[in-house]
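Look for subunit A in each of the two complexes below; its partner is subunit B in the first and subunit C in the second.
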Partner chain A sequence: MLIEQCAYANRWRRVSPAAKALFALSGLVASFAASTPMAAVAVVCLLAAVTWIGAGVPVGRYLRVAAPAFFFLATSCLSLAFSLNLNSDGQALSFQLTPAGLQKVDEVSGRSLGALAALLFLVLTTPLIDLIALLRRLKTPEVLLEIMILCYRMLFVFSDAVHDTLTAQSARLGYATSRLALRSLGGLAANLTVQVWQRAHDLHVAAQARNNDGPLRFLEPTFAHTGRDVALAAAGGSVLIALAVVLS
Partner chain B sequence: MTLLELDNVSFRYPDGSVGLNDCSLAIERGSRNALIGANGSGKTTLFQHCNGLLRPQSGVVRYAGAAFDYSRGGLRQLRSRVGLVFQNPDHQLFSASVQEDVSFGPINLGFDEATVRRRVSEALQAVGMAECADKAVHNLSFGQKKRVCIAGVLAMQPELLVLDEPMAGLDYKMRTEFLTVLDGLHAQGITLLLATHDIDFAYRWADRIHLMAAGQCTASLDATDLAEKGDALSALGLPLPTVIELHRRLQAQGLLPHGCVPRTHGELLVLLETNTYVKEAACR
Partner chain C sequence: MHIMEGFLPIEHAVGWAVASVPFVAYGIGSIKKQIEANLEQRMLLGVAAAFTFVLSALKLPSVTGSCSHPTGTGLGALLFGPAAMAPIGLVVLLFQALLLAHGGLTTLGANLFSMAIVGPFAAVALFRLTRRLRLSFAVSVFIAASLADFLTYVTTSAQLAWAFPDPTGGVVASFAKFAGIFAITQIPLAISEGLLTVVIFNALARFNPQELKDMNVVNPPEVSA
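Up next is the complex of A and B:
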């Protein structure tokens, strides 16, 4: 929901998604090109600064969205830094912090952070509906797009249903004790299964009522100044990649 | 001229429950129709027959005099003429943005992009949602979602618009705005059929009132005749519209002369005021 709010409320909402995607892609390339931690940090800082200052995404919100990814990155870095050794007679296990491991951590974490910043830039400035429209223009298979559209829409219908059922259960003390909570949770899952099935059927009928006989097709949003935006994004992206290469 | 006609239509759901039982109903072109019936009386089933979503197991449904053609092409043509707006907007809206969702129908009809864009903006204009075109569907209020649903059907430019309990869940202001939208559509020549539980509203708004019980259309009345045909309503356990009852009581008290029955509370008040004025003038 945080991502969703940012995507709709940022300053670059009306900028062509093609331009934003191009810049994000350049960010990804730059992260891979950055072979030294120094270069990677520069790329990360630049991407984050563009998201904060350019698109006007609040820093606090940005960090909150990034937090789960940081956590995963941290755990995987730990596993890279330490290596598990079996001593010579095969009797004892030992952890070792190896220099080679540490270097690997520097490299991988720098690149991952860069890639993360590039993707965050894209998702925090572009609503999914624009991204889907872009993917359609890029000739992504229709089936995948339909699944994306329906999943995205159903996500909200589903979360509403979960919320409503949870509230109704709590109002009747469904979560008063842990025993009751377990029971209620079971009820919630069962109820949702039926509801989702019903909803899917309803949507199918509604699609038929509006003359649908196969692929789900919609009007694509249009953006003013697409050409100018893409050119700017290309320039910005090139600077990013050049910076990464020079610093490496 | 009859636009849509159900002739002894019966439909039974696979679980054995009766949807429609020998139901006959006629909708005149250009009229405003209200369908009144208890929950489970078959209103939604009837509506799904109007659009060819359900196929009668016996009986015939006709559009403009010709029996429904349930072939692919026939249904396509039928569904472009009969628009169906569902009761729960969340069951109908499945695209993420307002504009996209409204474009769904016209694109399915195979129009080119320019036509689709024009129709979408016209439809959103008609329901007063033009400024929300780029919003995400889940960020809209219930009333707004409902309007987007109507726009989605209007963009297909139907001749008959069927609305399943459009007033359910709307606040007073929304209802008033919604009525303005409906009046606008009617002025454009669109025939309207809606289901409602509000007998006062039906009496005030509709030209024809159809009553339903147990999968059957028990009566089709002109709204102006409703005052005399109270038994049809009481057979379904429905009261007379309050304005009729009040008018009768006032007549019995000698406060109003016998004459035509007002349709709305406002009309009754005007009647009462002019009548008092006449009486006072006579006293002087």
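Up next is the complex of A and C:
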């Protein structure tokens, strides 16, 4: 996963997650506060520049992570830009490009890109395990945290199983035609489904063997300079929000 | 299909999040009860969430030739029950936003409502209905899984239409536009997902009948293998 690689390998890996989350939150607020395209572009550029230059995330990788979201934005904006006229007399349906629609596209795409840049800043600089630790400090229900921890740890186990099964099936021409592909995929998913119970049972036995029946706690990394980082993030975030408000 | 980060206006984003809260709270409550009764359940749900996440990353050969990803809402709801799917769905959607930049934090509530609440409840209701109508197991699974997928996409289109009504045609025209554009990918996907879920249940019935019986998905006499 590209995001995971960046999250562990960027320059701001050791910066307090609370500070990074605060800055990302300010980015979200700023992108919702920016009401003109000019302000939105400024917010997007600033957030992207901080991620590229500050955290040292490669630009190519950044754009590859954002690509699927661009696809969603493009198709949705297409339907925002064109207005559908259901009651025209001659034809049953007619489409027209309206100025109001185009204005809406400007507004929505500016806001979406700003919010996306804020999200990417957070996820490309902060590993998920740090974010889960942050959620624990924010008093998230223990049941949800437990599901998250187990989900995160089992994710890679399942990915590995999927990868191995796909390789074995492909080697036997399991994906040669779309009919075979559906059959192979069904077999793969059924196999994984059974593994859900087997692996959960194994984890349960392992936990019982260690007398664990309560929360799953792990050592959490400590971050030096948390206070300084949070102060810097608050200052940066305020600048971002002020910029969005002033330019609007 | 996930609504991207920041796409919905703030009132809609907050509104959908508030609408999802009772379902998640109810789900967490029911999970807590299950864990108290049977401690093994706590591991099961985490593993199930990872399974759902990995499943949603698989590439599904679609009827039109394009590749899509299954949502897994129908399968998950039939296996784990609709109430448990809200918290599992919350974790999966959060992970998709944080690990794949797919969906987003501000649109988490709206996506959760369409994928982890409407889809699973529709799947289970349809499955029970079709079973009561004495349709075969395979047909029931197909209808439940494909219509759950389809209703998820209809809900997403309705959410978008409500947030962005057409200047001349209003919400109805806007719904027609969004639903029309997404139909190109979503209808073939719903059919493929229905077929895939049937293949999965057939494989399970053939190789793991005991597990299916334990989950109360089928009545014991129906599994003959």
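Keep this in mind: the second predicted complex is superposed on the first by the 237 of 248 C-alpha atoms of A that agree within 3 Å, B and C clash if a C-alpha of one lies under 4 Å from a C-alpha of the other, contacts with A are read in each partner's own complex, and residues count from 1 in each chain.
Quick note on the criterion: contacts are C-beta pairs under 8 Å (C-beta built on N, C-alpha and C of every residue); 3 or more make two chains touch, one makes a residue touch a chain.
These numbers come from a predicted model, not from an experiment.
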Clash or fit, subunit B versus subunit C on superposed subunit A: fit
Partner chain in contact with A:Leu150 - subunit B first, subunit C second, else both or neither: both
Touching partner for A:Leu78 - first (subunit B), second (subunit C), both, neither: second
Subunit B versus subunit C as contact partner of A:Asn211, first or second or both or neither: first
Partner chain in contact with A:Pro221 - subunit B first, subunit C second, else both or neither: first
Superposition-derived comparison: subunit B or subunit C, residues of subunit A touched: C
Touching partner for A:Val245 - first (subunit B), second (subunit C), both, neither: neither
Subunit B versus subunit C as contact partner of A:Leu128, first or second or both or neither: both
Touched partner set for A:Arg199, first subunit B, second subunit C, both or neither: both
Partner chain(s) touched by A:Tyr8 [first = subunit B, second = subunit C, both, neither]: first
Nearest Cα pair across subunit B and subunit C, whole Å: 10
Intersection of subunit A interface sets (partners subunit B, subunit C): 4, 128, 149-150, 152-153, 157, 199, 203, 207-208, 213
Complex contact set, residues of subunit C against subunit A: 1-7, 10, 28, 31-32, 35, 39-40, 42-51, 53-55, 57-58, 60-61, 75, 79, 87-88, 90-92, 94-95, 97-102, 104-106, 160, 164, 166-169, 172-174, 176-178, 180-182, 192, 195-196, 198-204, 207-208, 211
In the complex, subunit A residues that touch subunit C: 1, 3-4, 28, 31-32, 65-66, 68-69, 72-73, 75-76, 78-80, 82-87, 98, 100-101, 104, 108, 111-116, 118-120, 122-123, 128, 131, 141, 143-144, 146-155, 157-159, 162, 178, 181-183, 185-197, 199-201, 203-204, 207-208, 213
Contacting residues of subunit A [partner subunit B, same complex]: 4, 8, 127-129, 132, 149-150, 152-153, 156-157, 160, 199, 202-203, 205-213, 216-221
Subunit B to subunit A touching residues, read off their complex: 48, 51, 53, 72, 75-76, 79-80, 84, 86, 88, 90-97, 99-105, 107-109, 113, 116-117, 120, 134, 136-139, 152-153, 156
